Amino acid sequence: MGELSHIDKNGRPRMVDVGEKADTKRIAVAKGSIFMKPETLRRIKEGTMDKGDVLSVAQTAGIMAAKNTSSAIPMCHNIMITGIEMDFIMDEENSAVHIEACASTVGKTGIEMESLHAVAVAALTIYDMCKAIDRGMRITDIRLVKKSGGKSGDYLGG
Amino acid sequence: MGELSHIDKNGRPRMVDVGEKADTKRIAVAKGSIFMKPETLRRIKEGTMDKGDVLSVAQTAGIMAAKNTSSAIPMCHNIMITGIEMDFIMDEENSAVHIEACASTVGKTGIEMESLHAVAVAALTIYDMCKAIDRGMRITDIRLVKKSGGKSGDYLGG
Amino acid sequence: MGELSHIDKNGRPRMVDVGEKADTKRIAVAKGSIFMKPETLRRIKEGTMDKGDVLSVAQTAGIMAAKNTSSAIPMCHNIMITGIEMDFIMDEENSAVHIEACASTVGKTGIEMESLHAVAVAALTIYDMCKAIDRGMRITDIRLVKKSGGKSGDYLGG
Amino acid sequence: MGELSHIDKNGRPRMVDVGEKADTKRIAVAKGSIFMKPETLRRIKEGTMDKGDVLSVAQTAGIMAAKNTSSAIPMCHNIMITGIEMDFIMDEENSAVHIEACASTVGKTGIEMESLHAVAVAALTIYDMCKAIDRGMRITDIRLVKKSGGKSGDYLGG
Amino acid sequence: MGELSHIDKNGRPRMVDVGEKADTKRIAVAKGSIFMKPETLRRIKEGTMDKGDVLSVAQTAGIMAAKNTSSAIPMCHNIMITGIEMDFIMDEENSAVHIEACASTVGKTGIEMESLHAVAVAALTIYDMCKAIDRGMRITDIRLVKKSGGKSGDYLGG
Amino acid sequence: MGELSHIDKNGRPRMVDVGEKADTKRIAVAKGSIFMKPETLRRIKEGTMDKGDVLSVAQTAGIMAAKNTSSAIPMCHNIMITGIEMDFIMDEENSAVHIEACASTVGKTGIEMESLHAVAVAALTIYDMCKAIDRGMRITDIRLVKKSGGKSGDYLGG
């Protein structure tokens, strides 16, 4: 197992130097879910079908969060994101919305945190917009499901 | 069940007017967890006991995120936070860190999103600082556990 | 005619002191338009009627911009916005989208700049999302149409 | 006519992938105007000739806005701006200030939105600093007048 | 001597609760200096007398920094600033620019950090704008010189 | 002596064009100090040795400030920082904490301002966290001590 690369020799935080790394195409896919009452999901869905669109706001928030990741996560490098796509699946059986973000960059580091941050903020936005009718929603299983590019090689999670 | 208050009459988003609401003391407690390999938890713990302190950075990030909530969550009001405390429990049995944030305000609205945002960003910070040794961490069960103050009354979650 | 209140006695900028002003309910309505090719308007409209929704993103951007006004406009006070609503009218006759923002606060100053900023950023967002098919769009007639509350009294523009 | 590139296949927003695009030198020039009372223009002008300088603050605000464009415009890529210049023309005949911004980058996308955003925020800053004496100012004709570099080729507007 | 109020009982950071404090009028004055070559000071001065105005940009930057203080300083409360004034003295004898910021608020906490932050960022802006001709400038003696309002009473420094 | 490169031909600010500059590896080291009462230093030190860690928060704040430099300093380019390390020396003889930041980038411009900004904000954070017991702290001697890379060549200060 490697070192905890963000901790310097005095045990205090640093932002690790990636200056020697080559620029490569990098892609990361993250997922997460928000569980809610069936009634809440129904209302989101009707909104989507009509004109109201909780998921459109959540998607916009997630994309903006991805771009803001290095301001929110202290030791995370600022990078230039080349693209982000998000997808939402309304799961009536489990009364949940499943969220997926796929972000890409061409650079020396990244792009896991950007995808994970997009998913987290999209989920929080759904919570915010529906909390008046359902305070018991749970945001869960935010994880990296796929990563390609970079020195550490590809990763495939669950 | 009430209305989805963030959706206006055309089905498009709005920030609901809270101008008529009274200023009250409001407190919200949110929790969440990040599951990891036992080795990762051990390393965080040793860092804490020694000098390195992943959790101190995560706590700082969470507190800063709370203050930045209205910039990240589109329909969330900007409010003046009067205090935030965070707590981290290292759970060896389940190989997880449990995160709690308690934020307070005196105002017309809030403060659930600030506490939830603090927990989410603290968890993402732990992920970021440990991802070099453990890409399979999962952030889970982010939820509101308690809220007091405001017109909608108190809430007690699980 | 009064003084240019943002210029101090040395001719350099300052943020004027509003500490002695009373807290009052304040509302400001701003409007603006973006002119485009008929084809562009048709595409926005179809997007809206289907599922794609340029205006939903523009509305989200406008609301977020309103909250960020004091960071963008140097001498503008940071205030707590109590509510924002935006409206978009698709005008086929003139091949334009007309944008309106109504923001409110309870405070010592504001809230004209927040409404104007919301309109400007919503218009820029429409430009950004449609520029691949129409670089000649024009953003025009951003102005204050109504203001109530505050010491300077009500204002009614055109 | 091409596709509305920011709308994904489900009709929801995305940030288009520019990872395959080559790095090229890109320049964009945007213009806009703010119309006001002759008295207001005279006061700005005297300020400039003396020491007070509304336009210096507006110019600073415009340049800072250009750098912040990807945080304000949801689907806009974050890019590294290599330079920005702004110019202001005081037009007594029409009682207006005409604003021009010229921003450049070396990259895969941009830089129209940065120039347009600089013009819009500079105009809003003038409004903010003069609104105590003239609430009827109008910000108008914000448009792209020139763009060079990038795959879509050069553009020359009016 | 009191407690280090930002450190919680586990030795980790928190944002102290000010919810029980009364709203009072608060003023804080901070000062600092930047020392430079005589030639650099001469150039700044000529710029000011002509049209170029390093100090106008520095003043704008300082005021914007004051408003952004709670985003930059982790445990600092976000407050509503009611006014800020800055002053610059060009000291030829010591070849320095002396900077003063006076910020005010009506609230439960603050406003020392806002004034100190304004001074620091104004000094850094002067450094940035002159570094092409003078890399050896020193920013020094940033300190609180006066504070009034609040429970801890008035403070008068040197 | 060269030109004040941030002032344009009309004497107003601009962000200088670095588009023609080559990408080179750049490193800048900045230092600064904060002087305080012996008691304050002792408390910080005990906090560090125990569990509380003012310096860990200050270090996190400094690193985040480095990444945010182009938002705070008006004419400063936004660049991609490849790494930052900070170091703190507790100097009992002089009752001070000495702060050092070393930031690096691979790019066309930078990285002095990022290192200087990190030092300044770290010092302000120490002030903020200890001000309850010591309002008389002084932040001093913020300066560039070393720079390498870039067309202007290496610099070695004191």
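Labels A, B, C, D, E and F are assigned to the chains in the order they are written; within every chain, residues are numbered from 1.
We adopt the following convention: a residue touches a chain if its C-beta (ideal position, glycine included) is under 8 Å from a C-beta of that chain, and two chains touch if they have at least 3 such contacts.
Predicted model, so just to flag it, every value in this text is computed and none were measured.
Participant: Spell out the chains that contact chain D while also contacting chain F.
Facilitator: Chains in contact with chain D as well as chain F: A, E.
Participant: Among all other chains, pick the one whose mean CA position is farthest from the mean CA position of chain D.
Facilitator: B
Participant: Among all other chains, pick the one whose mean CA position is farthest from the mean CA position of chain F.
Facilitator: Centre of mass proxy via C-alpha means gives C as farthest from chain F.
Participant: Go ahead and note the Å separation of the Cα centroids belonging to chain C and chain E.
Facilitator: 31
Participant: How many Å are there between the centre of chain A and the centre of chain B, using C-alpha atoms for each centre?
Facilitator: Chain centres of chain A and chain B, defined by C-alpha means, are spaced 16 Å apart.
Participant: Provide the C-alpha centroid distance between chain B and chain F, rounded to the nearest whole angstrom.
Facilitator: So the centroids are 30 Å from each other.
Participant: Name the residues of chain E that each touch 2 or more other chains.
Facilitator: Residue numbers touching two or more other chains: 10, 12-13, 51, 53, 56-57, 60-61, 64, 68, 74-75, 80.
Participant: Each pair of chains that touch: what are they?
Facilitator: The complete list of chain pairs in contact reads A-B, A-C, A-D, A-F, B-C, B-E, B-F, C-D, C-E, D-E, D-F, E-F.
Participant: If you look only at chain F, which of its residues touch chain D in the complex?
Facilitator: Touching chain D from chain F are residues 8, 10, 12-19, 70-71, 74-75, 77-80, 107-108.
Participant: Okay, in this complex, where on chain A does chain C touch?
Facilitator: Residues of chain A touching chain C: 48, 51, 53, 56-57, 60-61, 64.
Participant: Considering the complex alone, what residue numbers of chain B touch chain E?
Facilitator: It comes out as residues 25, 55-56, 59-60, 63-64, 66-68, 80-88, 104-106.
Participant: In the complex of these two chains, what residues of chain B are touching chain A?
Facilitator: 1-7, 10-13, 32, 39, 43-44, 47, 50-54, 57, 60-61, 64-65, 68, 72-76, 112-113, 116-117, 120-121, 123-125, 127-133, 135-144, 147, 152, 155, 157-158
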